[in-house]
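I've put the structures underneath this note.
Two complexes follow with chain A in common, the first pairing it with chain B and the second with chain C.
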Partner chain A sequence: MRYFVKRVGQSLLTIVSVVVFTFVMIRQMPGGPLAYIRAQVMQSRGADSIDMAELSKLSVDYMNYSVNDPIHVQLFNYTAQILQGDLGRSFNYGEPVGEIILKSAPWTIFLLTISIILTFAIGILLGAVMAYQEGERFDTAWTGVSMFLNSVPYFVAALLFVYVFAIQLSWFPASGNVASNLDSALTPQYVSSVLYHATLPIASLVLTGFGGIALGMRGNAIKEIGEEYIRVAHLRGVPGRRIAIRYVGRNAVLPLYTQFMISVGFMFGGSVILEQIFAYPGLGYYLLEGINARDYPLMMGIFIVITVAVVACILFADLTYGMIDPRVSDEASREAY
Partner chain B sequence: MQTTNDVTFGVTDPIFEIRNASVTFDMERGTSRVMDSVDMNIQRGEILGVVGESGSGKSMFASALLDAIPDPGQLSGEITFRPESGEEIELLQQSESEIKQIRWEEIAMVFQGAMSSFNPTMTIGDHFEETLDVHGYDVDDGMERGRDLLSELYLEPEQVLHSYPHELSGGMQQRALLAMSLLLDPEVLVMDEPTAALDLLMQRSIIELIRKIGQQRDLTIVFITHDLPLVANLADRLGVLYAFEFVEVGPANDVLTGSKHPYTRALLNSTPNLHTPREEMRPIEGKSPDPVSVPDGCTYHPRCPMSDDNCVAADPPFQAGSGATDHQAKCHYIDDVNEAVPLNLREVHNE
Partner chain C sequence: MSDKNTTFNSVGGSGAERDRQPSKADLYRERLDIFVLTPLRVMWSDWRTRTGGLIILAYVFVGVVGVHLIEPAQTGGPRLIGPLQNMQYPLGTNNLGEGLLAKVVHATPPMLKMVVSGAVFSTALATVVGTVSGYKGGYTDTVLTTISDIAMTIPGLPLVILFLVVFEPSNPFFIGVILSINAWAGLARTIRSQVLELRDQSYIEASRIMDVSLHRIIVDDILPNIMPYVLISFVNTGRGVIFGSVALFYIGVLNVPFSNWGIMLNRAYSTGGALYSWSSLYWIITPMAAIVVLSLGLVLFSQGTERLFNPRIRARHAESIEETGPTTGD
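On to the complex of A and B.
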């Protein structure tokens, strides 16, 4: 229980630090939010009609704090609003940031969930088979292939796929998340269109990702296969299939669990470039749009959402590891993992 | 090499008859022969101690008794197992599924390092149930027997069965493993360095338990160790391994007090003992042979103070010399050994 409280506390501290840090950083950027608002107003009404009170009101509208307050008050007001779920309003789209996030996040989560599940499923299976075939041709070949695929950056694969399969061959759409003439309803056409649009983004993540998992699983499994208790289990007459699943498989997968959760976080970050390449309207797409348009509230909002997602995943991994691996159920020893 | 003489070693009711058993591994620099034409008889109900230094083929002998040589090792020869009831079984002729039934049900094994004999993500109870289940035993009855075994070994059954391996101490794991090896009520228990990882006190108490359990259940125990004084207290008979074959076999007391092979004597003289003056304690000069190129003739001749041309030329067969026939050694000069290599051991704790 003490561990639980401590770990949750650490996570909250991380999130708050990130919020403060990004807030200050963005404020310090040349052409920060205040300059942006002032420029917008000047553009629409001419240089004379700016008064501080109006700027202040605008900044409260969009960013939840008044530019006239001292910076620590601004930060406090901003944080307080965030905790109430109000992330401000996008300069560019005029909509509340929260709504844009709610609209785009499901697409990102959809992409990432399928990608991660496929990456780990393929990686774990392949790695286990490689381990059992250690030193054989299958193992050598796939070790090479895995290392190669793992060294290809996903965005290079993505660009390649867009060029070959979308532009040259026209097998897959080059952009978007669903055909524009379909209503969002759970009809077979809609679902298949969504999957069709998601194929290339998912493929570029999975193809460049599973190799690393496979190699990790291979190493873990080879170590397990060499363990004395595997030999004892064979002598006890435990069938090979059961040993492969319950002994080798399970024990070799355990260390990948933390990696699994961390990769969820990394993929959120990775979605920025991926969604840009495929013009896929998820979180990452809007984040980059926000950056390009100097849409500070949108930028900040998505930043924070991604941070929370990463921290939450790692926290979840930490808190649940003890449940799946009995060796770390002691609170004191848990942090070693 | 041929052993033309009698190799029953005075065993009248053998549960195991091992003839010409060899284990080879093909390696790049040649064939590694880690067990070399071994002959042995094991008496039903006895405790046979097998001693030898590291790399003398002890573990191979243990694994051979279960036809469980790790890949890519090749086991050849004849190993006949005679269960209490039923026909004798040629172990090496059995199919994979038949041998799987014999292992653990008839012949069980305890390994060195009990710490690593349990799957760390399963409870001890899971292991017990799994063992019963895969052999088609009634799990409830079997677990009842398991609990009795654990109590006999001075463990708290419920607590141990619900524990994960890492939650038990080394000695507790060792005893739990012992209980698991006896779960299917085998006739033979092969123990390969079962106490190597334990402290001295725990070793002694495990030895006591093994002796007690062996007597209660008419178990035949093959106890393999590098620790001669440890097994001296336990074994009925001793077999001394050197260079992948037995060089001396006989009743434990005879082997310890009247060793017929110079290697056994050297081994005894190198054993630390509080009562032995240090100047009389001697290491054995030289090093043990490489399994790829074992010396010709008597394998011990390069290290033996008595060796002559005869020892280089001819591998001695097992012989008894002028002493009792159930105590034999592979040496040309059995009757001269006592003078050439006197024993410095003053007392032997063989009860």
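On to the complex of A and C.
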């Protein structure tokens, strides 16, 4: 219970520090959002007259803080608004940032969920088989392949896939998330179009990702197979299948949990590049659009949302870890030297 | 402390040797053997570190010597000639008539600078934070762990992009540091948990009882044990910097005067209609190969590195340490 409170508190602390950090960053930006808002006011009212009231109103509307307040009040309002779910209004699209995010987030989540599940499923299975075949041809070959795939960046794979399968062979679409003539409804046609468009992005993440997981799983499983209790289990006559799954499998998968947490952050971050390559309208795509157009509310909003998503995933993984591995307790040795 | 030990070992052999005082030259030869030659021999004995090391050396060679042998790419040459057709441009040219070989070669030094600065920055920071928080414990630990937890959960690439947009750096060393801005956190956690295990070992407890200073305990007793993690993560961070920089150059977030493999890819993909036939394959494969081979070299190197710190394997390859166990052959 103490652990639960501590972890939740830490996650909240992370989110608040990220919000504060974005606030500081916005103010550091060259040009900055204020220049944009000032230009807007000037445009509507003629060159010289800057109406402070209007400036303040616009800045509250777009950025969640008023330029006329002292800086700590600005920070407080900004943080408070964001924690209430109001992320400001996009300069470029004119819509509230929240709506853009609601529109794009499902696509990113869809893409990443499938990719992560496939990466780990393939990696764990392959790694386990490799461990059981240690030293044989299957193991040597796949260790080599895994190391090679592990050193290909996902975006290089993505670019190559676009070149080969989309441009040259025209087997898959090069961009977009769904055929433009379909209405969004749960018809078989729509679903298959979505999957068809997602194939290349998912393939580039999975193919470059599973090698690392397989190597990790292989190492853990080999270590586990060499343990005494496995030998004892064999001597006790426990069936091989049971040993492989319940004894070796369980214990070898546990350390991968940490790798899973890192993968979540890595893939969410990587979506910026991946969605750009495939022009896939998810969070990462809009984040980069926001950055290129210097659309501060949009980029900050998406940055905060991505961080919250990653923090939530990690918190969930952390809190459920104790259920899978009962050995984890409140770290005992905390004596200070 | 460790110096005395090694001298002691080498003298403790046969009776005749024990009487002879080791000269300065002997001492230096022994140090050379232990700190330079033995690691090299261990590295050479494993195919992964051997191949990886050779690949890395080749890139360093290209970055240091190759840039003087090959002229920087210039526009205005023959356009879009394929590889191996014109010996002046062995790897072909792009749509501006720039030689691809020259572009790949001249993108290497800034890339190596970014890799080194990023890796040095993040490993150094991680080692300091990890050892201090693991060894000191208490409030120091709580504060440092909370900070690294926060740094670890913030998704790296968007954070890096924000930093790059704000600072607009153009120095490769500085870009390298920004690219690995939160890579240190993961390693710091690993090192911390290692140190937590180590600090209750009896030989470290002995040092503590002998009133050895905290600084000396960390440097002499703890650091040698965590070196494998440090070196492996040094290499992995380097790989992360390559991935990150190429990606960001590709999407055009970084605006710098030097060339990069990512910029080459961007040019190939953003030139309208350039990629519509198979004959343009060389144009995108060249920079991709440069990226993948360097990254493969780093992966191989880090996979084999663990052997470097295994004392049994080291002892077998060292000439100044006498064999005590049964000779297993080499």
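Definition applied: the second predicted complex is superposed on the first by the 319 of 337 C-alpha atoms of A that agree within 3 Å, B and C clash if a C-alpha of one lies under 4 Å from a C-alpha of the other, contacts with A are read in each partner's own complex, and residues count from 1 in each chain.
Everything that follows uses one rule, which is that contacts are C-beta pairs under 8 Å (C-beta built on N, C-alpha and C of every residue); 3 or more make two chains touch, one makes a residue touch a chain.
The shown structure was predicted, so the numbers you read here are calculated from the model rather than taken from an experiment.
Trainee: Check chain A with both chain B and chain C modelled on it and let me know: fit or clash.
Mentor: fit
Trainee: Can you tell me whether chain B or chain C touches more residues on chain A?
Mentor: When the residues of chain A touched by each partner are counted, C comes out ahead.
Trainee: Regarding the shared-chain residue A:Phe266, is it in contact with chain B (first), chain C (second), both, or neither?
Mentor: Only chain C; A:Phe266 stays clear of chain B.
Trainee: Of the two partner chains, chain B (first) and chain C (second), which one does A:Val238 touch, if any: first, second, both, or neither?
Mentor: After superposing on A, A:Val238 lies in contact with chain B but is clear of chain C.
Trainee: Regarding the shared-chain residue A:Val311, is it in contact with chain B (first), chain C (second), both, or neither?
Mentor: Once the two structures are laid over each other on A, A:Val311 reaches chain C alone.
Trainee: Check whether A:Arg250 is in contact with chain B, with chain C, with both or with neither, and answer first, second, both or neither.
Mentor: A:Arg250 sits against chain B, while chain C stays out of touch.
Trainee: Who does A:Leu287 touch here: chain B (first), chain C (second), both, or neither?
Mentor: second
Trainee: Between chain B and chain C, what is the shortest CA distance in the superposition, whole Å?
Mentor: In the combined three-chain model, chain B comes within 9 Å of chain C at the C-alpha level.
Trainee: Using the superposition on chain A as set up above, list the residues of chain A that contact both chain B and chain C.
Mentor: Chain A residues touching both partners: none found.
Trainee: Within the complex, which stretch of chain A touches chain B?
Mentor: Residue list for chain A touching chain B: 227-229, 231-239, 242, 246-247, 250-251, 254, 325-327.
Trainee: Quick one: which bits of chain C touch chain A in the complex? Just the residue numbers, please.
Mentor: Contact set of chain C toward chain A: 135-141, 146, 149-150, 152-159, 161-162, 165-166, 168, 186, 196, 199-200, 208, 214, 239, 242-243, 246-247, 250-253, 265, 269, 275-278, 281, 284, 288, 291-292, 295-296, 298-300, 303.
Trainee: Over in the complex, which chain A residues touch chain C? Could you list them?
Mentor: The contact residues of chain A facing chain C are 10-11, 13-14, 17-18, 22, 25, 28-30, 147-148, 150-153, 155-156, 159-160, 162-163, 167-168, 215, 262, 265-266, 268-270, 272-273, 276, 287-288, 291-292, 299, 302-303, 306-307, 310-311, 314, 333-337.
Trainee: Can you tell me which positions in chain B touch chain A when the two form their complex?
Mentor: Residues of chain B touching chain A: 66, 68, 70, 100-101, 103-104, 109, 111, 113, 116-123, 127, 130-131, 134-135, 164, 166, 180.
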